[in-house]
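After this come two complexes, each holding chain A, first together with chain B and then together with chain C.
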Partner chain A sequence: MSTFGLFGIEIFKQFRRLRTHIGTFGLLGIVLAVAIGLKYGDASHFVGRLTRQPNFQIYGSPVNALFLARVVLPMTVFLFLPLFVSLVAGDQISGEAADGTLRTVLTRPVNRFALLSAKFTLAIVYVGALTAFLGVAALTVGWALFGVGGLVSFGWDGVSYFGIAEGVHRLTLSYGLAAVYVLAVASVAFLVSTLSSNSLVPIGVTMALMVMCGVLGQIPYFESAKPYLFTTYSELFLRAFDVPVDYPALRHGVFALLVYVVACFCVSALIFTRKDILS
Partner chain B sequence: MTADLQTTDEPCLIAAGLSKRFGSFTAVDRLDLKVDRGQTFGFLGPNGAGKSTTIRMMLGLVSPSAGVVTLLGRDVALERTKALKRVGAMVEIPAFYSYLTGRQNVRLFARLSGGASEDDVTQALKLVGILHRADSKVRTYSHGMKQRLGIASALAPRPDLVILDEPTNGLDPEGVREVRDLIRDLGTRHGMTVFLSSHLLHEVEQVCSHVAVIANGRLMVQGAVSQLLGNHFGPVEFEVDRPEEAAALIQATMGLAPHWTDDTRVAIHMDRAQAAEANTILVGKGFKVSAIERRKQTLEDVYLQLVRDQAEVEAAELQ
Partner chain C sequence: MKTVRVTVIGLLLVTVLAANARTDALIEKLRAQLARVKDYRCDVILNARLPSFTVSNMRMALYYKRPNKLHVEAKEGFAMLPEEGLYLGDPVEETLRSYNLIRLGDVKWQGRAAVKYALRPKVDSAAPLASARIFVDKARAVPLGFTGASPQFGDVTTVFSYSLVEKKFWLPTKTVFTMKYAPKHSADGRVVESRSGNATLTYSNYKINTNLPDSLFKRPAKSGSSAGPRAGRQGRGRK
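Entry: the complex of A and B
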């Protein structure tokens, strides 16, 4: 059976699993919590915290659909999105190994590389879908509660204002960059999943790696290793709001992350196509 | 491409010098097997003998440390997906997607084998007797039902060769009987070649036309069940009024030692002509012979004998 056919089967299976939807509900919960906080709480104080500009005086509220989509991204990219995608990506091989279904599948005339490719494609699609869901949910909830307007974005170097069209464009770019980073994390979880027959191990290892790389990246002594740590690019999505956008820097970051993705897939293919299925 | 396979006399399954080592432990040791088209082949051995490991190698789940497996004319190591095209298999306890129904599982795995019609799926579920629960989630199945589902999903794509690992494990006595009848039918009625492993002698004896016995990863014997039993005659039992005296008389006149005696019988190893002669002698001396019977040799006798021989060989090797 072709990778495409196998992908169809993987989608069919994945959709029927509870863990697929945990991420969706989790993100929706976060969006709603932030929206409620902005709507009913002390908005100006909250906005100050969100933008890290407590003393900045703004006339009129910056809060709208675009603003909500802007602020929920940094709240999820560093932990929740990686966690939720690892839950799915890290389960791809290890989960089926644990359940014994991997053995059942591989008694069939299914090419191992094609199966792995189908599962990896699924992980990519899941990352894309979950990130897009976050954006759409934030825009929808924000539109319902606050309406639509231009985007006020606060960076370390000051405040920027984008019109609606430019705001949507910047947000799309930012969500795309976030998705690439999250995909790199998912690839690590996927790789670990070919090594384990316990579906919790990939999540644990991936989260541990994220923390470790994050710590390394903050120690000046390891400065030279920084370009090679995937966590270095965790904040890449924020640079979509730079004025002007530094496209070469973005391209470089995306390239580094994609190298991670491709390398993880290649290594997992090397492991999986040779591995003895003993579970 | 595959059509010519139907007509050749090439064996369905060949294992040549098949070995698997886990570290320093040898689970399967230079195994040679040959299964011809149409056979129902029993792969018999005690727990831990290496049956499942062998089947995993046959299906390409595990790569052999040495040796080659050919399924339906194709080398599994080189052309795994082509070799498995017409094979239906179940290894160890069948595992399914518990969040899907039995029918969805059978359908899904049939698709992986190249597809089965909805009719074939239903037919397979019916054959193993779980059609009434086919639309419940597998999560709710008992162990025996999963075992049956395993057989159904092996059969649904209508394979030429069926490989089943201890298919009656976990079934109740009635289920065991049903499944054995079903397996016998696969060969006789559906023209499939069946390779099944078992640790139960009588199961293989009841179901299989051919058998290979494995112990500690090594092949002990292989052949047609009838032939194996025929080569190993059991003793002839005489039901007689004075067994001890009768035994002494036969020993004195024919030089044949009794195998055993009890209150009513004496059992002596002898061929047909000798049995007739012994009868004449006994009757001539006034013994009352009420029955002569050659106890049918069971596979168990052969098997236990083989295991004993093997132990002796190994003991001799150690000295």
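Entry: the complex of A and C
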């Protein structure tokens, strides 16, 4: 069976699994919680940073659909998105092994590399779909509660405002960059998945690696290793709101993350095609 | 000897009086020209790169009515405007309320023949701008711009570009505000802080003398909403 055919089967299987939808409901819950907080709670945490701008007169409110999409992204990229994609990507091989179905699947004349490719493609699609869902959910909920307006973004070096068209463009770029980072995390989970027969192991190892790499990146002694840690690029999506956008830096970050993705897939393929399938 | 002294003093007096007369003539012509605009409404787009604040295509509708009433509507839900430097509404009336103008002479400024005036505060108070100057276009009798030094913004310059609206009113199509602080250097000569910046307002779709209702400018100010009436610069409280 071709990779494409296997991919169709894998999508069907994945859609029927409960854990596939945990991420969707989890992210929707976060979006709703933030939106309700902004609507009925005190939004001064965000708005206050604007009013602290000296010598400016403020008209209207910065809270709108684009603002909600901007606010929920950092809240999810560092923990929830990696966790939810690890749930799915980390379950691809180890889940089948744990369920005892992997051996059954491979007793048919199925090319192992094709099966792995189909499962990896599924992980990629899931990362893209979940990140896009976060953006669409935030924009939809934000539009319903606050309406549409220009995008106010808070960065390290101050406040930036983008008109609606450019705001959408910046958000799209930011969500795309976030997806690439989350894809790198998913690739790590996928790689660990080929090593384990327990689907909890890839999730735990991936989360532990994220924390460990994050800590290493903060220690000056390991400064030289920083460019090689995938967590170094975890904040890449925030640079989509820089003025002007530093595209060479973005390209470098995306390239580094894609190297992780390709390397993880190649190592996964190497392991999986040579592995003794015992369960 | 006495005759010579009287003649010199007389000549000086005549020169000063003549200079004042010229000053008044141009300023009065300018005021008269601007006073023909009783009210207007226009679309405004703000682009700015200021320290800690960057704006890209912020769209607003600006309403102005004499005397000194200003109302801004955010067209995309939200807008921020610098309180100083952009001289919305009638920049000359606003300036003349706080300053006396002293003619300094004819100059060429922004490629146009202009008269340069010094701005002297009317009352002994902390003036927002030191060494403030206004440049008035001799031919069109419109303000070409301001220069000065501000403790908050450093060296500031505001330049107005005009077009003839409805074939009879010279109104700004663009206002460019630039600020330039002398960069601070570290001991090894590196620039550690540079606070330069600029803001550009682009005006379009003027609707002039449509008798805008006063109620438009009397909207009560409330937090996080549109600003209320403006009663001079002093009344423009920060929210």
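We take it that the second predicted complex is superposed on the first by the 264 of 279 C-alpha atoms of A that agree within 3 Å, B and C clash if a C-alpha of one lies under 4 Å from a C-alpha of the other, contacts with A are read in each partner's own complex, and residues count from 1 in each chain.
By definition in this document, a residue touches a chain if its C-beta (ideal position, glycine included) is under 8 Å from a C-beta of that chain, and two chains touch if they have at least 3 such contacts.
Nothing here was measured: the structure is a model prediction, and the numbers come from that model.
In the superposition on chain A, contact of A:S2 is made with neither chain B nor chain C. Contacts of A:P62 after superposition on the shared chain: chain C is touched, whereas chain B is not. In the superposition on chain A, contact is made by A:G149 with chain C only, not with chain B. Of the two partner chains placed by superposition, only chain B is touched by A:P109; chain C is not.
Once the two complexes are laid over each other on the shared chain, residue contacts for A:T273 go to neither chain B nor chain C. By the touch criterion defined above, A:K13 lies against chain B but remains apart from chain C after alignment on the C-alpha atoms of chain A.
On the side of chain C, the complex with chain A involves touching residues 49, 51-60, 72-74, 76-84, 152, 224-227, 236, 238-239.
Of all residues in chain A, those touching chain B in their complex are 1, 5-6, 9, 12-13, 16-18, 99-101, 103-111, 274, 276-278.
Across the interface of their complex, chain A is touched by residues 56, 59-63, 80-85, 87, 89-100, 108-109, 111-114, 153 of chain B. Chain A contributes residues 43, 47, 50-51, 53-62, 64, 147-150, 152, 157-166, 243 to its touches with chain C in the complex.
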